[in-house]
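Input: structures, listed below.
Shared chain: chain A. Partners: chain B in the first complex, chain C in the second.
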Partner chain A sequence: MKAAAAVLRKDLLLELRTLETVPAMVLFSLATFVIFHFALNRETIEGQLAAGVLTATLLFAGMLGINRLFVAEREQGGFDAFLLAPVDRTALLIAKASALFAFLAVLEVIAVPAFAVLLLGPPLGPSLLGLIAVLGLADLALAVIGTLVSAIAVHTRARDLIGPVIGLPLLIPALIATARAIGPLLRTHASGSPPGKWLAVLALYDLVFALLAYGLFDFLLED
Partner chain B sequence: MADTPAIELRGLTRHFGERTALRDVSVSVPAGATLAVLGRNGAGKSTLLRILATLLRPHGGEIALFGESLPRRAFAVRGRLGLLAHEPLLYGDLTPRENLRYHASLHAVERERVEALLGAVGMEPYGDEPVRLLSRGMVQRIAVCRAVLHRPALLLLDEPRANLDPAASDLLEPLIGRASGCTRVITSHDPRAALAEADQVLGLKAGRPLIVSGAREIADAQLSELYQ
Partner chain C sequence: MIWCSPCLRTGYLTSFLRTSSANTYGRGLFGLSIATVATITLALVLVFFYAPLDANQGFIQKIFYIHVPLAIVSLCGFIAGGVFAIGHLRTGDRRWDMRSYVAIHMSLIFAVGGLITGSIWAKASWGHWWVWNEPTLVSYLIVILLFATYQPMRFSIEDPERQATYASVFAIVAGAFVPLNFIAVRLAQQYVHPRVLTLTGGNLPGAMRLTFLVSLVGIALLFVTLWKFEMTAKDARMRLRRARRAVLGEDGLRPLGRSAAPS
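Moving on, here comes the complex of A and B:
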């Protein structure tokens, strides 16, 4: 865990120093909300439509983060330096997934209120805790799959394409579960708690892919 | 165990697709000795170093470092290897101090060692500048600090004096020179300089071992053939 903490600390420090990933994700989200605002030609949206717009926007913004997750390792030899250390290679998976999770959380702290102001009809307040729970599980899915896909992509020449081409199909179940769980929260007079069935689907998805990533990650780092 | 060679290669082979980068390389290096790996560009020198560093898997033959067979026992030897590669393996947006502290965390090395090394290579005044703003010679000095941070027993040095002026080269002598006491594998485009430091020589030509001998027994004709 010490190695994972060291890599995570380094990644967060690099992002704070360069501000290359999170601002891009935030700007992308805001621009997408504005595009939806005009493309749908509606002042406000709610319910399942709002959930779909929010989920898809966050997912595509997350792809930007996924594509950049291993850039510093690839371009500045961080991979080799890590592989030379006598540490469990799973530490890199844990650190990178945690970094991506943190980036997504920061994105949502800005993007969700912006969504509420720009597009959402019903007030967000009563559903906020439920929304945080759903987005937390969705972020975990995105972080695990994103790290796995990014680690595959980084060794290929078409690395910018591999993320979306492999990552998006893998994330479809998580996207469906997230949108379905969020939908009832964004209705007028929403109950405030997300449907348990879809939360369970998301949690199961997280568990399965976390275990899969744990089992596979070591092989992905081999030459 | 005292007689166990630091490096034992038998019939080492490595391919990249159709191309053979190393073919049937065999050499044994005792602990504390220095092996110079010579050859033209593309001869397989860097590939050999990356295999020894456990970053590449061999496709044939046997390798043992300190008696531990690779790649099966790679985990057991990683902490005893120090690699100074072509790339400095440093993050340009972090400072030398931040880079070295990161590597110290990975290798479970005390932070005092970072400060001691920065002082030893004369980089203390630049310890808080981003690496991307430093000159190539300064970056090479920090890269040396990174390579020796965890007190490795085997140093894998790819062109270690590249970008260094004579004064900087002297500063690094206790860390990567013979005085370090480490077993060393040195690659160099300058055969005379490498031979002056070496006990043994492995000359590679298109991945094949053309010379495997003691450094004193090398004839000029052999070197000429190697670089033809």
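Moving on, here comes the complex of A and C:
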């Protein structure tokens, strides 16, 4: 746990000092909202369409973060240093997934209000709590699967290709659940609470992949 | 070059041949092939001459006897690939990786067959090549999209050890993904089609169910035969390579091309 906290602290400090990943993710999402505005040719959107636009944008922005997640470790020998340290290897999984979760949370704190201003028709206020719950579970899925995929992809030659290509199909069920859960929240007269069925699917998805990642991550670090 | 003097070489070769005949994949392949051909022939006879025509869909419904077994067998094959991969990670034995690889790549071929036959069936009975509200078809596409990345991923990892380990991790994650994906896609339908069939063949009339079960066994046998055949071929190639190295030395070997297959 202490090792995980140390690695997490290192990653967050690195991001704070270089400002490399999160600003890129934010700019990417803002540009995507503008693209959607022109591609759909709509002033405002609502309901399931809005949920789809928001979810797809966040997913693709998340992909940027996933691609960068282990690059520094690979290029600057972080993997070797970590393997030399007498700590549990799962600590790296926990640290990296937490870092990715934090990046996604910061991204959403900026991108969701921007989405509400730029594209969303109905006001966001009444359903904000429900939205936070859904996005929290979705971020967990993205963080866990993203860390696993990124750890696989970083050792391949075509890592920028392999990461998204494996990650996107793996995340499709999470994307379905997120978009369907957000859809009713963004309607004109939203009820304010997301459908429990989809929250349960997301939670199940998080749980299964967290356990899988916990069991399998050790093998990705062998050298 | 003392190590490749003739007597040493032949001595090594005979001992090699003696020990290596112990566990070949080729054993039983002949009987299995005969059983497969017989079962598939029987299934085709049943499909065309015994099973009754469907009241609504007519003749085209008979594609169901190919499509559904292909789908079921390929899904089981993907999951089997994951189970073999667990064997690889637990024991570190590279043969498990080979089994997993062959199972997944066979399943991928069967799954593409299932997708195409499903699409033909959809066109014939609903008038469209692709329908988004048939959950099985959609889940299928997603599973194929995922497993289609298995070989590119293997191919872009240089070190064979690492290739095997990473491929096993992928196979386990993707094997667990198959049922989860089916749950999510099935839930996402606004309304679910009346199912022609449940996995147990519950509401099929007797003659159709018998035909379906024989087809399922036939396709499953075909999968096992092809799997065994490819394992035998890969095994034989590796043994041949080892034998050539023993007799001719390193000069007698052509360099291996880069490959996604385990070697």
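Of note:
Here, the second predicted complex is superposed on the first by the 223 of 223 C-alpha atoms of A that agree within 3 Å, B and C clash if a C-alpha of one lies under 4 Å from a C-alpha of the other, contacts with A are read in each partner's own complex, and residues count from 1 in each chain.
Criterion: contacts are C-beta pairs under 8 Å (C-beta built on N, C-alpha and C of every residue); 3 or more make two chains touch, one makes a residue touch a chain.
Every value quoted in this text rests on a predicted model; they were computed, and no experiment measured them.
By the touch criterion defined above, A:86 reaches chain B but does not reach chain C.
Residue contacts after overlaying the shared chain place A:18 against chain B, while chain C stays out of touching range. Applying the stated contact rule after C-alpha superposition, one finds that A:78 touches chain B and leaves chain C untouched. In the superposition on chain A, A:121 makes contact with neither chain B nor chain C. In the overlay built on the shared chain, the residue A:165 is in contact with chain C alone; chain B does not reach it.
Which of chain B and chain C touches more residues of chain A is settled by the count: it is C.
Of the two partner chains placed around the shared chain by superposition, neither chain B nor chain C is touched by A:47.
In the superposition on chain A, A:152 makes contact with chain C only, while chain B stays out of contact range. When the two complexes are overlaid on their common chain A, residue A:197 makes contact with chain C while staying clear of chain B.
In the superposition on chain A, contact of A:222 is made with both chain B and chain C. 222 are the residues of chain A that lie in the contact sets of both chain B and chain C, per the superposition on chain A.
Residue ranges of chain A in contact with chain C, taken from their complex: 148, 152-153, 155-159, 161-162, 165-166, 168-170, 172-173, 176-177, 180, 197-198, 201, 204-205, 208-209, 212, 216, 219-220, 222. For chain B in complex with chain A, the touching residues are 53-57, 75, 78-79, 81, 83, 85, 87-94, 98, 102-103, 105-108, 130, 146. By the touch criterion given at the top, residues 2-3, 5-7, 9-10, 13-14, 17-18, 72, 76-78, 80-87, 222-223 of chain A touch chain B in their complex. Interface of chain C with chain A (complex): residues 89, 142-143, 145-146, 149, 152-153, 156-158, 162, 165-166, 168-170, 172-174, 176-177, 180-181, 183-185, 187-188.
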